[in-house]
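Structures given as structure tokens follow.
The two complexes that follow have subunit A in common; it is paired with subunit B in the first and with subunit C in the second.
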Partner chain A sequence: MLSRAVILSANALKGRGHFGAGLVQASRSLHTTSQSLAPVPPLPEKGGKVRHGVFPEELFQLLYPKTGVTGPYMLGTGLLVYLLSKEVYIVNPESFAALSITSVIIYGVKTYGPSVAAFADKLNEDKVAKAQEVKDLAMASLAQAIEDEKKEQWRIEGRALLFDAKRNNVAMLLETNRRERIHMVNNEVKKRLDYQIALQQLHRNMEQEHMINWVEKNVVGSLTPQQEKESIAKCITDLKALALAKATA
Partner chain B sequence: MTLSMFDQFQSPSLYGLPLITLALTLPWVLYPALTGRWLNSRVLTLQGWFVNRFTQQLLLPLNVGGHKWAPLFASLMIFLITLNMVGLLPYTFTPTTQLSLNLGFAVPLWLATVTIGMRNQPTHALGHLLPEGTPTPLIPVLIIIETISLFIRPLALGVRLTANLTAGHLLILLIAKGAFVLLSPMPAVAVLTMFALLLLTLLEVAVAMIQAYVFVLLLSLYLQENV
Partner chain C sequence: MAGRRAALKAVDWVAFSERVPANQRGAFNALKARSDAIVARLASVPEAPAPIDWSYYRHAVARPGMAEDFERKFGALRIPEAVDTQTTAIDTREAEAEASARAYATESEDRVARYRAELEKFRNMIPFDRMTIGDLNDAFPETTLDKVKHPYWPHKAIADL
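For the complex of A and B:
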């Protein structure tokens, strides 16, 4: 609302006195362009269209409604004929030189034009391709980073399984350890009991031997020499009897 | 006849105003200004590529002290080549056919190189006056000859450019005149003459480019000796 008042008063002041214009300038009511330079407007991709290399297409479009397709050509021919016949343009040796240099230029443009244009385009394209490559590499590495991150997240999900397996492992180890120790205890106890048994056996054996020895000693001691002689004589008579029996048998 | 043939080399003026100023400054509009854009039009891209390649090639043999002359050499080359090529168009005036202009370029630039050499490394600069491996009795004569050769350099630079271009333009005029005159009596001969003119035009295009390049190349060589 206030800006409207400013514009109206500025327009009113336009013609007033020596400083009226300055006041108008201050409110930009006569300016047509914007105050900002960004974004930069894009350049046209191709140059203006031309016919026969020098005449802009706009001329033909301009003359088309009134004179049709052949209009500009008639204009050109008429102009040329006028210049020559009225000797506004005099044919002199320079014209021949003009002819030769023009043909050289036309030949040059026709022959080398496309390749030079392609070269210029290639220079620009290489520039764009280099930048694009940087961008593509960055994007590829970032996409790869996303993939890796997803994989890591998936791996994290399997964490529970991992811990279960680890827990199982540990339990098994503990169990193994426990059984080993029980086994060891068993062995130790068995060893001690075996020792006791062996000790008892030993005692019994020793007692038995001792007793046998005592009995033998006593028996041998109780044998008198008379008994010995009698037993020996008996043995001899027995033997003789046996020998006799055997001899007769 | 002789007067009219050399009329093309008269410095042109219109109502007393020297038109040579226009001839010297208007070729500037042929080259589009550098925009601040990253990707330019074909003309600008080619222009940038050409100037870069040319400067790189020219400054290869120079050491770092000579790199200060890069803008001068590049702009001089562009200027001379443009003047020469535009001068081949019909009804144009070639400023480089004027000895005054060419000497005006050659003498100060040559003198600059000599002064730089004398000021910064006088022994080395004076050493150029005697090539290596000369037999002793020849030394005095050779020094005199080399000094003369040194002082004739600016003259040679200027006159080379002037003579080449003037001769080329004169030849074009003569042969065109021959074709023109022969056109009514002997058209076949006129056609042959036109063919010769065509070949000559091709030669002149080449000469125009080569002479500009030679001028700048020789200056860079003189600089290389002295810097």
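For the complex of A and C:
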């Protein structure tokens, strides 16, 4: 019931108080439980119920069995009348000041109370939302980090492929080299044999040519002038005969 | 000779390519290009050369005995193979890579465990609207206000408000 210690117009404000300790601790019964009731129970949605803005509902419930519904009102009226008539409370100019001020206050709270409450609540909610955002971001980044680590571990598993590729390359290079060497040996041997054959051919050609030239030279040399004249005369007679044959044909 | 030739292991380039991280993509491409070039070169060289027709040479070459001599020497010839200098180096590097990969894997597991622990801590945290300032300071130590360094409200530098 001490939670109703905020008997001021704070009742117009919605339940959630400051992000601080004061209101929350007041809602715990003092020193009844052992320390650290954690987590703290949630703040109530609404403040304690009141009638006419100031009188707690518990008072009405307290008096209801004995005096019914009108009991507290009768109590209030009687109290007021007693205070005025017995001059326990003296009416003086201050009274009117009090009346005016309270009415203005009541008017102010009634008009602007909800918006101020909303504003204050929004401040609180922003703080909570910011903290929540930080927490969510942290959780998301942690989950992402775990994913990344798993991915890196998966990547590592492929390390054998790299070395296999390298060994393959080496083996292929060696094989290529071996084949090239065999080819080279073959080609060299062939080249040498072919060279010999080509050399032989060259020799034979040269010998042939030389011999032909020599034979020709000798034949031409052996032709005496006498033989030349005879052969020319024979040619002329042959030509004459041919010409005759052609003329008559 | 065939026995000493190491058999070529089929390398799954697609799987390899998947596992390459972005910052090593260039190196991987270079390796693949080199490998492809080597494969192409190997394919372009025929397995064995055309055999030499010794009978033709025996008839054709006039010098007596040259062809037989060559044939004999050719048959007895053993071509030295290139020495493999790299495979041992590759093997040692592979062993080193194995060791470092294992070390990295264990470190990675430790990191994952730490991350998991923190994640659990966050998951099991009480919701903010049920926390007190004390609880908040326990959960996020960086929110504690240093009342010794800044004894007066707001207990932090004005610039940090």
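Methods note: the second predicted complex is superposed on the first by the 134 of 249 C-alpha atoms of A that agree within 3 Å, B and C clash if a C-alpha of one lies under 4 Å from a C-alpha of the other, contacts with A are read in each partner's own complex, and residues count from 1 in each chain.
Throughout what follows, a residue touches a chain if its C-beta (ideal position, glycine included) is under 8 Å from a C-beta of that chain, and two chains touch if they have at least 3 such contacts.
Keep in mind it's a predicted model, so treat the numbers as computed, not measured.
Contact with subunit C, but none with subunit B, is seen for A:K190 once the two complexes are overlaid on the shared chain.
When both complexes are overlaid on chain A, the residue A:F96 reaches subunit B alone and has no touch with subunit C. In the overlay built on the shared chain, the residue A:A138 is in contact with subunit C alone; subunit B does not reach it. With both structures placed on the common chain, the touch criterion links A:A117 to subunit B but leaves subunit C unconnected. Once the two complexes are overlaid on the shared chain, A:V128 sits against subunit B and subunit C alike.
Between subunit B and subunit C, C contacts the larger number of subunit A residues.
When the two structures are aligned on the shared chain, A:E152 is found in touch with subunit C, with no touch to subunit B. Of the two partner chains, subunit B and subunit C are each touched by A:V40. When the two structures are aligned on the shared chain, A:E175 is found in touch with subunit C, with no touch to subunit B. Touch criterion met: A:L162 reaches subunit C, while subunit B stays clear of it. In the superposition on chain A, the residues of subunit A contacted by subunit B and by subunit C overlap at 40, 43, 128.
Those residues of subunit B whose C-beta lies close enough to touch subunit A in the complex are 35-43, 45-46, 49, 88-91, 172-173, 176-177, 179-180, 194, 197-198, 200-202, 205. Taken together, the subunit A residues at the contact with subunit C in this complex read 16, 19-21, 24, 38-43, 128, 131-132, 134-135, 138-139, 142-143, 145-146, 149-150, 152-183, 185-187, 189-190, 192-193, 196-197, 200.
Those residues of subunit A that touch subunit B in the complex are listed here as 40, 43, 47, 91-101, 103-104, 116-117, 119-121, 123-124, 127-128.
Only residues 1, 5-9, 11-12, 15-16, 18-21, 31, 34-35, 38-39, 41-42, 45-50, 52, 57, 60-63, 66-67, 70, 74, 77, 79, 81-82, 84, 86-87, 90-91, 93-94, 97-98, 101, 104-105, 108-109, 111-112, 115-116, 118-119, 122-123, 125-126, 128-136, 140 of subunit C touch subunit A when the two sit together in their complex.
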